[in-house]
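Note sheet for the following structure.
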């Protein structure tokens, strides 16, 4: 493994340690080294906003802690949900007396650990509302949206929810806005190459050279089909079709677009994808309000990309455009 | 009536931890076939940490189980942290205040743990999970005591059913968890959680058997 | 090649096209499709700031065009200098009547093309000052600093020069500040895996598994040694030693730190490097003013990282902290 | 005195372009051994673009050379764009206003191009670059005319020296450009630029020879 690591079993510890050193102006650790807290959190009288998830997706999740962004993040092992205790500690760190919203992704471990953390927080007298992201179109059919995984759409959910909280909204309003944000998101991942958990030492799955896996998940969960590798334009058109057919937006709708690399795909290729994606979206009579292209939500050194399209209304547009300060390039 | 003493049996949890740690590579290998290959690592880490906290004293079984459950819940995360976490704290909380644990109390304990696992995980028999070990094992124990078997003999029934339940997962298609995304490809191998659950139940039955008095 | 491309010979065109679509709020194209111009450039009465270089280093160079950042960038083929004409067009696009400073990297092609562009601009009556970045420590000894290549230190040079220009300084002052910025930078690259030019189709060089190349250049130029792969901490200490021994900073000096991935190294590994790098810098009695960790200056999908340390004085500190808006996460 | 007409010899540049394009893969292969394998691609792209602009008309040699140099400079970038760009525009600018080009004027043209290449590139003989072809070729031409050879025979001397110069690069260690970073490992193969330069000079000499009148 051609990697910069010290000990395969301490990748998360070392990552968080180096992260906090780099961004001490924005983040800090509390007593639990698996909870990253915004330097200015908690804010008295503000609804706290937290998330959490497995590591290996950097800059997600920790990179989105900051000013007008997340108040605290629970940090799991690589590709593995944080503990209930870490979620609980994150909730406590974010609590400014007005309740806490936990905005997380739809994975078995996260669901269980958040559920337990919520119970623990209730005992502390902290009211917790939750929103579960399920933007990954290929992980279940439209009739079973609640089974879909959460992927890069979480970033838009965090942003809109956090901005709403920063503006002084109450718990129910923050929850409802975050729920609307993720309801308005559809995402798809395409994979060109696998990744390896350092402690495991061999790729978790394979993608044959000359093929592409359409609909792959953020941990290499199988997609809906494997097919011969096509041009970037054809792939981009497929991605748009899957996302927008599921979306079913009306003509003239405004959207935000997020194209994220999965870790080892060079940035220029993401821009090549965007060249066609932007054209496709506009050809469908939609209006692009903003585009984000970069490594926003990765999967270790997986080769591939995700596309997220969020439908915007005036509220979401305003919230998305709030200036924030966080370590991730957002 | 056969029973054992809660007060002096915390070391059963140490035996469990030793067994899990000894099977670390084996459990990960099984998980690697249709999961992500970390089950042994996760389990050994959690059980090892709990054992470290228990090694230097003598604890009541309920205390030791509570420590184990709490460590799993607070240090392991993933899916196994909460699932086994609530199971062991469920076990611990239901053990009687009085010292003597008879087969009725033991059955109550098993059900308390099972209820917690099902309430948080939502799986059922046939989904190819640890419940394919746990549920038949508890049923066999209850059936044995119901038909008049001694505590000791009921524990034999529990062990046998746990191992049979584990083996039943070979032919199952995973319906829940990571392996479920593989569909039919998940058939033909043991489920990792069912395998660790059998190790846990067998060690528990062995430990209790040795402590039984009448 | 597991890539998102359309035509190996049109990678640059498609990249620039997708880039401009994504960032139309900040950048635009003029008549020359190989020149990316800030949306608000030229600014009358402001010194123009331009750079240029080969493609494949995204977000460098184009991502650093923006408000209070670069006014225009000349875009070359992958790993190949832009034409003299593109440099010339970039200079013209940036010219606000007060002269233009061209801040570029020390490579043969760039030197020649900038020299020619400067002559052409002189015929237009545009005064051009140049600064050549040479921050890559391993590319020549301390006695031959003028031979060293320019690498990620260029970003600090651009930032400080651009901020100085935005503040209204004259051409000589902007040039002098940019020169000071790069004089104060030292960088090193370490490589764990090669990259492939799409039109060539096979890696430009090899790095054996289990080895690391210390001092590798941004196009895979050979480093000073190849050695067995070590822990992240040991590698980080080597990187710091090479950079700081060459730097020779006095106790208590303040520095800015930039750790950039080369393209395919996951972000968490860069943070693992930073964990030791930050400790090493502080152990030498230096004070870290700011740290940047991310994919700032890449080399297609090369696996590896670069470290840049810039010594700060009050002026550079102020300039570095000016808020800017550009597509790159800076 | 032998001379040729500037007015009707622009097609020599088309012949050069054809020669370079025919050798695209070969030049890239040579460059791939110690460089980055793109020399043939770069050269074919630039010469091809220039040829496209010249294909449909009849141009003076000086015009055609100027077009070629300008295209290289404005469309190719890298190192070859400026190096060959200034060489060809240098050639073009020094050709006499009068139509007839004799060996003295031809020599002046060659030197003008060489001066430009050296002023921008800073390389010298022995650095393993195109100058190892260009400089001996010009010297051989001048020496031949100096010792009374005809223009035609001097062109033969130029061709022979260009090819010998190209071959001399095999034993050289690169001192400049990309390959110089390889140190001793750059010995044993031809230099790509020296090879393309020989193609250019040979085609030029052939073309001029065919147009000579006395």
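Each chain gets a letter, A, B, C and D, in the order it is written, and its residues are counted from 1.
Everything below uses one rule, namely that contacts are C-beta pairs under 8 Å (C-beta built on N, C-alpha and C of every residue); 3 or more make two chains touch, one makes a residue touch a chain.
Since the structure is predicted, the reported quantities are computational estimates derived from the model, not experimental observations.
A centroid comparison over C-alpha atoms places D as the chain most distant from subunit A.
Subunit B and subunit C, compared by their mean Cα positions, are separated by 57 Å.
Centre-to-centre separation of subunit C and subunit D, using mean CA positions: 34 Å. The touch graph of these protein chains is an open line. Across the complex, subunit D meets subunit C through its residues 32, 36-38, 41-42, 73-79, 81-83, 85-86, 120-121, 176-178, 181-182. Subunit A makes touch with subunit C in their complex at residues 2-7, 11, 14-19, 21-23, 25, 55-56, 58-59, 192-193, 207, 209, 212, 229, 231-233, 235-236, 263-276, 278-279, 290-295, 298, 300-301, 303, 305, 327-329.
Considering their complex, residues 76-77, 79-86, 108-109, 112-113, 115-116, 197, 199-200, 204, 217, 219, 221-222 of subunit A touch subunit B.
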